[in-house]
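To start, the structure itself, in structure tokens.
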Amino acid sequence: MKPSVLAKKIAFFVGIVLVWQALDSANVWPDKIFPSPLEVGESLWYGASNGTLFYGIGTSLWRLAIGLSIAIAGGITLGVFMARVETVNQTIGSIVLGLQSIPSVAWSPLAIVWFGLTDAGVIFVTVAGAIFSVTINTYTGVKNINPDYIAAAQNMGAKGGQLITKVLVPAAFPYMISGFKQGWAFAWRGVIGAELLFSFLGLGFLLNVGRQLSDVSQVIAMMLVIMIIGIVIDGLIFKRLEDKVMSRWGLR
Amino acid sequence: LSSGQPESDKNQVRVVFFANVNHAVPIVGLENGEFAKELGSTAIKTRVVDSGPEVIEALFTKSADLGYLGPAPFVIGYVKSKTDDIKILSGAASGGASFVIQKDSTISTAADLDGKKIAAPFVGNTQDVSLRHYLAEHNLKPRESGGTVTVYNIANPEIYTIFAKGDIDAAWVPEPTATMLVEQLGGKRLFQEEDTWPDGKFSSVLLVGRTEFLEKHPDVVAKWVAANTNTVNWIKENPDKTESIFIDFYKKYTGKKLDENIIHDAFSHIQITSEPIQNSISIFAERAYGLGYLGHSGYNLDHIYYDVNNGTVGGTSWQN
Amino acid sequence: MAKLEAKNIVKYFDHDGQQLRALGGINLVVEEGDFICLVGPSGCGKSTFLRIVAGLQKPEEGQILLDNRPIVSTGPDRILVFQEGALFPWLKVRDNVEFGLKIAGIPESERHEISKRYLDMMDLTKFANSYTYQLSTGMRQRVAIARALVMDPEVLLMDEPFAALDAQTRDTLLVEMQMIWQKTKKTIVFVTHSVSEATVLGNKVAIFTHRPSTIKKIVNIENKRPRLSEDDSLMKYQQEILAELRPEVKLKEDAE
Amino acid sequence: MKPSVLAKKIAFFVGIVLVWQALDSANVWPDKIFPSPLEVGESLWYGASNGTLFYGIGTSLWRLAIGLSIAIAGGITLGVFMARVETVNQTIGSIVLGLQSIPSVAWSPLAIVWFGLTDAGVIFVTVAGAIFSVTINTYTGVKNINPDYIAAAQNMGAKGGQLITKVLVPAAFPYMISGFKQGWAFAWRGVIGAELLFSFLGLGFLLNVGRQLSDVSQVIAMMLVIMIIGIVIDGLIFKRLEDKVMSRWGLR
Amino acid sequence: MAKLEAKNIVKYFDHDGQQLRALGGINLVVEEGDFICLVGPSGCGKSTFLRIVAGLQKPEEGQILLDNRPIVSTGPDRILVFQEGALFPWLKVRDNVEFGLKIAGIPESERHEISKRYLDMMDLTKFANSYTYQLSTGMRQRVAIARALVMDPEVLLMDEPFAALDAQTRDTLLVEMQMIWQKTKKTIVFVTHSVSEATVLGNKVAIFTHRPSTIKKIVNIENKRPRLSEDDSLMKYQQEILAELRPEVKLKEDAE
């Protein structure tokens, strides 16, 4: 980033905070509706110093990790089968497209009934939110594999499981990465949504506590935390992975 | 489905209840050690929830063994389970809900509720059933059924918030929320719920258990019910201590300090009793059925009681 | 002795519900150690024939005999080199070359030894740890050939492997290809659309007719090696082959 | 669709319903957790016959329409400005990327505090969920406009507002369509999520009623309705619009 | 009288932080009714010059005079036809042609009348309601010319408008272009990399040097019209121009 651009950005963010603080001081809106940046900062500091914030982040990330892993493993399996077995595609495939259009929070009531207010319930919602994105992208990826790759591998003796793990999955990887990226976004939405509705630990719970205590500074503080985690995971993990795979596969 | 939770083993009992004044029995009994004393080596695990449906969910998914909740959600859960999965062990409170309107409100009769916004906690909750039945009795319909009254089903703390903002015209709420609306926000108590009941009495909190647990651990259950009764008596004898225990508990749970006067006032609107007031349960069931909460093909409440003395399940009436 | 024999190979394809007869009964005998080039009008079915030999497609009629035994599926005895190489972009050059060995379950140290030999032969040792996107097209084609050779196939099948190369690179590979053949004594079936390439490489050139295709003629070329594209002595063979090809290409154009 | 494929699909769906019914009759799981298709059907029928279902659908769709319209209008405006004014991009642009990664349900607590339990609150959540997708796609679209289009239009006298409405927006339209598609998916998620949390009319509310009455048939019935609406809107509106625009713009 | 005059036009570009001097002082006089073709080595700045004339870019030094008055920005008096046409795919052919009129606020009925005239002239009437993706490349180029002509510019600027066309289409358009010029008496500045095209079209051909470019020479061609690519009488002009160009192209290649 050029120094001038950086300066502009810093000035902008400082400006936002100042205007925010000024708006607050001018008492345009009451504090309980529109807290000052100071109060939000205090909320964060308080959560950090007594550990609840980190415990919440840890819980949410842990659920995200488990849910996303299950979604990726399941989505790849389902996607590969859909792409390779026409009957599976014609039958299960049409359901997958439908399930994909159900918002992940809409799974929460079912998750609560089936799993109770447990981690399993939150993880179920996360998986339900993410798995179909991974499935559809894997399917598209496998369908778009250069058929010569498959022929070459078969010619060199690959079949069955080896063909899947050594050729189909890596060949479809660039598409699958998009699936992972989309899946992660939906998984993160699923975790937060489920935690809000289950009101059972995690960042979504802390958000809900803020809401129930009418503590807007806590609500905004938690939203900031959720946003920053989103940016970091997206930028550090998925963006990088995507860039690397795209250039390695010669697609960029 | 619903796997992953450890079955409760012999040495523990898992109990859920709310942080409401109506739930004074479990709160006080747990805080003053009555339950622990009676149960001896059996460990007690507790969880505080916000609504009856959550108690039912906890019992259905086997993540709780006993629970305190209102008669309406109990009846709904019982009918939904189809196989007598839950039973009433005892009562815990009667009364303790009021219809509160805004301080400058002109509402005086049911007809005035036309076009108004009214809050009650959670669909299928005891106050919700009462409110919707009340509306139906007076030929009013909620908006989701094409009517004119907006019913908000939200948690008590949020009812307090939006009542304060003036977003709603009235609320049908349990204690201490009702008293808080009156004392802190200047609301008017239009009527107490018991005024609408025959004999001025209705059950508001029941102690219920998961049938499977009751069959497996009748000894633990008997001890819990005994402690429940002891606590009811203790509360009747120690109203002041009860109030301070409740205030301490609430502070511990939510971090908020409640006003002593409000709690005192709230308790004055409640009867703590171990009697489940059986006819009110039947009436709740009728009302819930009328609202479509129990399905549309009839219902059967023949086996809702558990007989603690014999340790048998399936009684048609409560005997203790 | 006949290493490979095609007996009356017939192949149909479905085109918008219509049956297209691609191969109309191919009969071909390839001797052990032959370097046979297949030429023919575009779309006549050369690639299809090669895939049938490799066992990647099934003919509607006829059979392929390898050492007098009919083939039933793909096998490491017949390895196909694709036009675009079909290298796996997710693997390093070495891992690409070792792919077939790994599938066959050969232990790592042995694999490395074998791949090293062929990477050396193809002048690719320096690039063993590169990914394919880091290579030039000519280098990629060499990797594809090395990947086929490590399998030590009895018959090497090549489908226009040099079509995408520029003239210089192709000339280099033409010479290398002849050297590999002399060194390894492999039986090679090589499809190309370049008559000059065919005459440089093959000791036999088989000419396909237009669809439904059969073998029209086989030209034997005994000139000594290494031959170069510009060798005048190859001109007469090229003219002979072109004379056979021209009416077929005409037929094809008329059909379109 | 070929008759054989259609037959396969029908057989499959009939099969699912039969297996589901069989599972139910075999009492593998109790009814309270796993209702039979018959019960789900009854739930739907009952909702349809007393009108609550249609009223719920109408409410949700109405909120979706308003929210999505605002998100599209706002997203296009913001996106065009970000693409054309470098300073706007360097400042507001970086915030937009962050806000995009906040799950729409996470806006609900703030919406409740700011707007109360009103339609405006639900719509706010919908807008917050969808607007940044539209913004980012519009931005990308305008950035990728063939500069000759702009030069040609300027040469023929277009400037200012005309340049934006007559050239920039239509030229960026193929990208914007992706933004609308993505935006609609997020908006739908936002509506349902907010209705679940606000518990104030609409399909999300009916879902929540199902949960609170421990009525799994109603929960599953509402999920089916949400899914079908998703498929229909996606397929009838956005897929068609996309196909049309793509072929018109010569991109396919 | 000079319709258009370029006075010492200098233009720099930023290339990775380095200043690249593209135009090194262009001086050019275009008379009213001239058809002047600009040729020069690739990258010498012909397109840049045209854009400066159109007012789409600003020169670092010098100025463009139109009717002796310096231009300040784009204007409907100088309309540029782009190499790829730059037609708007979201508009029908008629709406593309009417775009400039609509911007100018001309009422619909009048717009239709004008566009009809030029669609007729370009033989496009049947396609007035088509979208551009439904047209062939040659038809698209005609739409682009029509779109420029409706603006009735005093100077028509054309940047390699025929570069992407096949030989037949181009030959047709070359003739059409000459007829349009004769009919409309427009002043035309036409950039091309084809010397043959330049000699067919222009009554003057201006040759650019390599970067930083200046005008090296102007060749006048008085042959009668319509001229065709294959006219032998144009050969001598072509050779003259090529002789001037060759050293410039060489300079360019050396620089790279």
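Order of writing sets the labels: A, B, C, D and E. Residues in every chain begin at 1.
One rule holds for everything that comes next: contacts are C-beta pairs under 8 Å (C-beta built on N, C-alpha and C of every residue); 3 or more make two chains touch, one makes a residue touch a chain.
Everything quoted here is computed from the prediction, not taken from an experiment.
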{"item": "Common touching chains of chain D and chain B", "value": "A"}
{"item": "Path length in the contact graph (chain A to chain B, fewest steps)", "value": "1"}
{"item": "Pair of chains with maximal C-beta contact number", "value": "A-D"}
{"item": "Centroid-based (C-alpha) most distant chain relative to chain E", "value": "B"}
{"item": "Computed distance of Cα centres, chain E from chain C, in Å", "value": "51"}
{"item": "Rounded Å distance, chain B centre to chain E centre (Cα mean)", "value": "85"}
{"item": "Computed distance of Cα centres, chain D from chain A, in Å", "value": "17"}
{"item": "Multi-chain contact residues (two or more partners), chain C", "value": "none"}
{"item": "Chain B residues counted as touching two or more neighbouring chains", "value": "1-2, 57, 60, 158"}
{"item": "Residues of chain D whose C-beta touches two or more other chains", "value": "32-33, 112, 208, 211, 214"}
{"item": "All touching chain pairs, where touch follows the definition stated at the start", "value": "A-B, A-C, A-D, B-D, D-E"}
{"item": "Chain B-touching residues of chain A, taken from the complex the two chains share", "value": "112-118, 120, 199, 211-214"}
{"item": "Interfacial residue positions of chain D with respect to chain A in the complex", "value": "5, 8-9, 12, 32-33, 87, 90-92, 94, 97-99, 101-110, 112-114, 185, 188-189, 192-193, 196-197, 204, 207-208, 210-211, 214, 216, 219-220, 222-223, 226-228, 230-231, 234"}
{"item": "List of chain B residues in touch with chain A within their complex", "value": "1-5, 49-50, 54, 57-58, 60-63, 155, 157-158, 161, 254-256"}
{"item": "Chain B residues within the chain D interface of the complex", "value": "1-2, 51, 53, 56-57, 60, 76-77, 80-83, 85, 122-125, 143-146, 150, 152-154, 158, 162, 165, 167, 292-293, 295-296"}
{"item": "Chain C - residues contacting chain A, complex", "value": "51, 54-56, 74-76, 78-80, 82, 84, 86, 88-91, 99-100, 102-104, 131-133, 147, 151"}
